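Order of writing sets the chain letters: A, B and C. Residues in each chain are counted from 1.
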Amino acid sequence: MLHRYPRRVVIIMLVLTAFVAIFPLWGPVVFGAQSDFMMEKLTLMLILALFAMSLDLLVGIVGLVSLGHALFFGLGAYTLALASPAFSPAAIWWMMPLVMLVAALAALVVGFLVIRTKGIFFIMTTLAFGQMLYYFVNTSRHTGGTDGVFIMFRPSVELGGTVLLDLDNPLTFFYVCLAMVVVGYLFLRWLTRSFYGQVLDGIHDNEHRMEALGYATSHYKLVAFVISGVMASLAGMLAAMQYGFANPAQLGWHTSGEVLMMLILGGMGTIFGPILGAFAYEILQHTFEHMTTHWPILMGITIILAVLVLPRGIAGLIIDPPNRESLAKSPLLKWLKRDATTPRNEAAKPVAPATGKEG
Amino acid sequence: MDLAFFGVQLLNGLQYGLLLFLIASGLTLIFGIMGIINLAHGAMYMIGAYLVYDLTFRLGNFWLAILVAVPIAIALGLIIERLFLDTLYKRDHLYQVLLTFGLILVLNEMQRIIWGGDVHSVPIPELFSGRIQLTDNLQYSHYRLFVMGVCLALAGVIYWVIRHTRLGIIIRAGAVNRDMVEGLGINVRTLFTLIFSVGVALTAFAGMIAAPLTSIAPGMGDSILITCFVVVVIGGIGSIKGAFWGAILIGMAETFGSVLIPSLASMVIYLIMAAVLLVKPRGLFA
Amino acid sequence: MSATTHHDALLETPLLETPLLQTKGLTRRFGGLVAVNNVDFTLRQGEIHAILGPNGAGKSTLINLLSGEFPPSEGEILFQGQPIQGKKARQIARMGIGRSHQKTNIFPRLTCLQNCQLAARIHLGGVFGSWRSRHRAREVNERALEVLETCQLVHRAHTPASAMSYGEQRQLQIAMVLATAPKLMLLDEPMAGMGREETAQVTELLKGLSDRYPLVLIEHDMDSVFRLADRITVMVDGCVLETGPTAQIRASERVRDVYLGRHHEESAA
């Protein structure tokens, strides 16, 4: 059934989570002096995992391909950067709600406009709105232009004068990010299995039928757009804390494209897949960077191959491990054997047979 | 702002708009007929510009460079279509986005490998290096007028093909209902290859003739791509007429925006797009 | 209330109460093509009303106009005496006009039961109004199971719709319409592409439902139509050729010439 996965998925994810959680134990052994740097990398991967998950709600669950998701990521970063006082840390108790509120409002306005469009139009308009903010922060004096804005102090987590968490401590921050990913995952898992999630599945499968049943599908899509935007803004806020600045590149369309790449690498529509995808993407990039200065070319080839060979991503491999039969049906073989006389390939979704009669 | 200055800006806006039309028409054709969203379209514009830069210095002649560069661009289009896009028809737009995004990364980096990360320029060809005198202290470049003329001529050719040829009928039918094209008994395979190559050639050609007017820099294709998306969204996807008027509108808006309201210039075209989406979500000419 | 073979059924009975659904001068143009031309159509309470006509007669367009898929170019549609033309498809659906489509139109990745739950839930108040209510969830579930029972699909409840046979998918379509508890059903060729046996089964199903759910039916299978319909409207080229009780249409020379004859020739050929 949809959104129910074999037990090995749970086991693999739990093992991986535990593995990441105990990094402070094995990191120094494996990486030695580089351990601190690796933990920073790992923290970043967790933040990107949260970002990728949020996009999966739109792309994988609802079927809305957004190429402007970095808008909300960057908005979270800039809200934190611009709202933080210059000489003292902001309290997380108002900073986090503020980031979420700004993102929700932006998602509501942008969503209201883009949800009216479909398919390719949606891709283009989300991209365009993302770029709108990108050019704005790039040229505006208030946002520091191309340099961005530095964040001098990470927000404080205090209650009645007692420091609950010290976000400046890399280890604490690492665990905060890990917790955010776990909470984010559980929330989306709950959401997709709720009745609201079922409606989203219905919209993904056959929006026209949903309308004919009486659903105001655009309202449901808008809600998903806002939830997704708010989650992305939280990831952006964490990223800005991690980097120590908010920067136009964080909301440029290359960031939107990269997070889509994480989705396809990990396997979209599964929520857990994009988490794996974020890690896979970062590890690949890290590896390629060490191989050549022209690493983007390797990234590009990887993504082209992923589309051709592994459209369901790593999650697809875990859910349905490849066997002889499935390998014979692999898209790569189809690609190699493709019939040059016909442009038609396999349909993306199973479609019921149709009748030929017209009324 | 005096009248002559206004006139120059009007011409600039028109020239930029016409150039945008060349790029956007390819984009909208490829989507309208083939149902493919091609993010690498902007990269082809960049490659056109770099090819001309490279060949002008190699061959010593701008016109010769264009003559050689156009077939190269068409060949590149053919290779991309046959090798990659072939698998993407009828697949979700997401895969088209991802694969063509991958192509951007590859093409942008190839550009860096071949031509490096520096900003280049191409001199305006001698034939059109003159300027016409508009008023006592305002001139307008011959070359810009030439670009306008070429773009208008190409727009005329596209219009004629779409209005008066069998291919045009197919294109118009395809923009309304893609499945219908298959019903017309046409070799869809060949048609798609043709459309894609023409689309790529148009955008690469736009890059070539724009080369003497702009600075040739890495990533120049990305920003033009997004501007052209706005054009296509405003005009209506698949509509050549929409692409034309959308391009003129955006060309004017961007030119006058940067003169009249510099602080908001980069946002103007997006605000126009938002307004169009509010009123006509499917574009002005859909 | 069904067509009888008494000869007095040949006489049109006068219409006393407000008709459930009525169109006046309904017209729809697509560019230069007039798909539906000045159609007056009346569905009485508690009746099955079949629409017959050759391919391209405008039957599906008529259904699409009634369900709000697109607005009419001209004319009125009255549902329970209230004008509904120009309303959106989803608004009309929520007023109680349920429809099925000519092509199989289901949610392939969802299970059979989930398909029906989606239909039942919208009728029972949508999602946001009742997100937490366990009671409501039970109600939706019961309703969904009930219609699966009616359509004999309970054994397939947890099968993804894409994995069901074609005939089952067609039945699921009807189940989904039922789950919305419609005041009126519009079924566009519910038996299209089905085998003999399945067709007979669905015919019986619709027959059994007819007292509770008035029905506008497009169907090519003559046996089913004559067995089910109380009243028939025959359309040709977007216009109504003739409308009346089933027996009257069966006896009509004009209909036989224009449509039935041709139809039988076609099927004989």
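Here is the rule we use: a residue touches a chain if its C-beta (ideal position, glycine included) is under 8 Å from a C-beta of that chain, and two chains touch if they have at least 3 such contacts.
In UniProt terms the chains read A, B = Branched-chain amino acid transport system permease protein; C = Branched-chain amino acid transport system ATP-binding protein.
Computed from a predicted structure; not experimentally measured.
> Measuring from the mean of all protein Cα atoms shown, which chain centre lies nearest?
A
> Let me spell it out: compute each chain's centre from its C-alpha atoms, then which one is farthest from subunit A's centre?
C
> Based only on mean CA positions, could you tell me how far subunit A sits from subunit B in angstrom?
Centre-to-centre distance between subunit A and subunit B: 31 Å.
> Just give me the whole-number Å value for how far the CA centre of subunit B lies from that of subunit C.
49
> Roughly how far is subunit A from subunit C, centre to centre by C-alpha average, rounded to an integer in Å?
The computed centroid separation for subunit A versus subunit C comes out at 43 Å.
> Can you list the residues of subunit C that touch 2 or more other chains?
Within subunit C, no residue touches at least two other chains.
> Please set out, as single numbers or ranges, the residues of subunit A touching at least two other chains.
Within subunit A, no residue contacts more than one other chain.
> Can you name the residues of subunit B that touch subunit A in the complex?
31, 35, 37, 39, 82, 84, 86-95, 97-99, 101-106, 108-110, 112-113, 188-189, 192, 222, 226, 229-230, 232-233, 237, 263, 265-267, 270-271, 273-274, 277-278, 281-283
> Enumerate the contact residues on subunit A facing subunit C in the complex.
Touch residues, subunit A against subunit C: 1-2, 194-196, 198-199, 201-202, 204-206, 208-217, 220, 349-355, 357-359.
> Looking at the complex, which residues from subunit C come into contact with subunit A?
Per the touch definition, subunit C meets subunit A at residues 53, 55-61, 63, 67, 69, 88-91, 93-94, 99, 101-111, 114, 117-119, 121-123, 126-128, 131, 137, 140, 158, 160-162, 166, 169, 176, 180, 188-189, 192-193, 218, 220.
> For subunit A, which residues are in contact with subunit B within the complex?
Against subunit B, the touching part of subunit A is residues 59, 65, 67, 113-114, 116-117, 119-121, 123-125, 127-129, 131-132, 135-136, 138-140, 253, 257, 260-261, 264, 268, 294, 296-297, 299-304, 306-308, 311, 331, 334-335, 338, 340-348.
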